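Presented sequentially are two complexes of chain A, the first with chain B as partner and the second with chain C.
Here is the complex of A and B:
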């Protein structure tokens, strides 16, 4: 798999610590929602560092991909990608990689997405892929964030969830809720899962992405709610992704 | 031919020289799993060795834990690019488990609870290269890290060290396991950066 060069064509802040980077990649081979790319940064002395990032954008034919990068304290690559890069810069990348945590546009079964924090990124690619392909698959998203200001893609998700019942969106806030929010701040629990997740008899395929402790907890709730464990696919943050 | 990343200096660690290409050090212990963590009690745990038609060896938890054990200090290299050095394990060597197995079959498919599989050449799991590990850092191996017991093959990328392992099938020909069938490399040597099947 060869390294390619992508040119940054747009930058967009999602939160105070997360930024979306749009790249045009000539000869991009295409991808499936949920896949990743590797990005390589190289210092003037030849030292290089590589990290993997989920693709946030849907498969399209225009050679444009987007990633959303959360800045990690003590990170080596994420501070550069969220603070240093500018439109017109070139980045080395390769991919797409990953063939398991993916949603194909020909999947018709109900889809349950559960995101913790920046785990929303590959799930957003699935939601965008569903819209771009005019799929009729029924989606639900349960999105757990620390506080309202930490949510990615707020306006877009709001707009999508107001387009009929194609994507049903439920937020969970772990530390700070919006004013007059009906649920006290806290981890997702069985009650929230029973209200917001597809019932088990519909046999949804579930995609769960976030920090390890979040993913473990969400899986336990899904299994307790009767979801077949074979229908649950997970992706956990790699190293240093977890806020402890 | 690399593009220089304007303004990037990077963070070189003192241990950097010991890392395979494209890896970075971590001090925590990330988890990579395709699905939910299975819950396996010692009562129903077993480990079997078969040749595709016959079970050649079988242990339950008690007979497995009566086998001689070894302590292992291993460097771990995950294909998702983190490495963790000097990790302490305790386990039973595959040399011990295979001691009474006579076979000419050159490949092995390790099987896990939760239906995960991974393929390895048999020569890569003998001669003090692989263990069935049940303790990490002095404690029982946590379920999210593969407990009650996982394969540990530190010289290959960590996906080869199957969590929740329950047996191994010896095979005449190599065959892809779970991740190997999804685009990852059949062998997975981190020092040759064999991440994906095209490499």
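Here is the complex of A and C:
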């Protein structure tokens, strides 16, 4: 797969540290929700860094894709992408890549999405793909974030979760909750999983994405809840949070 | 829980592997040459904090694949997998996502 050039056509801040970048990529071959792209930045001295970012937008035919990048203080690439790029700039990218952590519009089984922090990005592509394709698959999303202000796509998720029961949304706040939130701040646990995750007898396909320690924890909870290991697909971020 | 776990999923190797293979290897099932487990390559543990990529079996930690790039050459060691089993349907879908 060769490198292509994408032109930045829109920038949108999702939180104080995360930004969505919309790119138009000529001859983009199309993608499936859950796939990612690699972005390569090359310094004047020839040093280059490649990072992988999940695509946030659903498959469309207009050669436009979106990624959402979280800024990491010690990152090599994310500070540039979240603070320095401007509309009209070009980025070198390769993709789409990854054929396993994907949701196809012809999947009809119940879908359980579990996101930790910026792990929401590929899962958001699946939710958007489900809505765009008028699929009837039943989705649930368990979204764990540090605090309300750290949640991505808040207004859009709120609107989607009010459209009947097509996507049932449960937040878990690990540090700070909204006022009068019924659950104390903390990591997701067996009780929350039993309340908000599809029961194992419905044989949901589960997609878990987040930092490595979050994915390990969620994976263990799902297996303890009786979900078949074969039905769990995971995507981990590195310890730095930046995928290499 | 070990907070210093440094591995990713096999998924993350998709871009590098796409430089060599025309089909997506991460969705393929591979058999570990050590313990015999048959798992998706995407489920393997991928170590990236090293000169190149190392994928290890999620069940027994045996090395499945090593991929190293130098300025002049690319080295690929696949001896840890006895075979790969690819879904024809998935390959078709990837080549034409509109299907």
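We take it that the second predicted complex is superposed on the first by the 240 of 244 C-alpha atoms of A that agree within 3 Å, B and C clash if a C-alpha of one lies under 4 Å from a C-alpha of the other, contacts with A are read in each partner's own complex, and residues count from 1 in each chain.
As a convention for this text, a residue touches a chain if its C-beta (ideal position, glycine included) is under 8 Å from a C-beta of that chain, and two chains touch if they have at least 3 such contacts.
From a predicted model like this one, the values you see are computed outputs, not experimental measurements.
A.B. asks: Once the structures are superposed on A, label A:212 by its partner contacts, choosing first (chain B), second (chain C), both or neither.
C.D. replies: The answer is both, since A:212 touches chain B and chain C.
A.B. asks: Could you tell me if A:80 is touching chain B, chain C, both of them or neither one (first, second, both, neither)?
C.D. replies: First partner only, chain B.
A.B. asks: With the two complexes superposed on chain A, say which partner A:223 touches: chain B (first), chain C (second), both, or neither.
C.D. replies: first
A.B. asks: After superposition on the shared chain, which partner residues are touched by A:90: those of chain B (first), chain C (second), both, or neither?
C.D. replies: It touches chain B, and chain C stays clear.
A.B. asks: Touch test for A:104: chain B only (first), chain C only (second), both, or neither?
C.D. replies: Second partner only, chain C.
A.B. asks: In this superposition, which partner touches a larger number of chain A residues, chain B or chain C?
C.D. replies: Chain A has more residues touched by B than by the other partner.
A.B. asks: In the overlay, answer first, second, both or neither for which of chain B and chain C A:41 touches.
C.D. replies: First partner only.
A.B. asks: Report for A:32: first if it touches chain B alone, second if chain C alone, otherwise both or neither.
C.D. replies: In the superposition, A:32 touches chain C alone.
A.B. asks: Touching A:173 in the superposition: chain B (first), chain C (second), both, neither?
C.D. replies: Neither chain B nor chain C is touched by A:173.
A.B. asks: What is the contact status of A:59 with respect to chain B (first) and chain C (second): first, second, both, or neither?
C.D. replies: In the superposed model, A:59 contacts chain C only, not chain B.
A.B. asks: Both chain B and chain C contact which residues of chain A?
C.D. replies: 1, 38, 50, 52, 97-101, 212, 216, 233-234, 236-239
A.B. asks: Per the contact definition, I'd like the list of chain B residues that touch chain A in the complex.
C.D. replies: Listed in rising order, the residues are 2-12, 22, 24, 26, 28, 30-38, 78, 80-82, 114-115, 144, 179, 182-183, 195-196, 198-199.
A.B. asks: Hey, which residues of chain A end up touching chain B in the complex?
C.D. replies: Residues 1, 5, 38, 40-44, 46-52, 76, 80, 84, 89-92, 97-101, 212, 215-216, 219-220, 222-223, 229-230, 232-234, 236-242 of chain A touch chain B in their complex.
A.B. asks: Please name which positions on chain A make contact with chain C in the complex.
C.D. replies: Residues of chain A touching chain C: 1, 29-32, 36-38, 50, 52, 59, 61, 94-95, 97-101, 104, 212-213, 216-217, 233-239, 243-244.
A.B. asks: In their shared complex, at which residues does chain C touch chain A?
C.D. replies: 1, 3-12, 14-15, 18-19, 24, 26-27, 40-43, 48-49, 90, 93-94, 96-98
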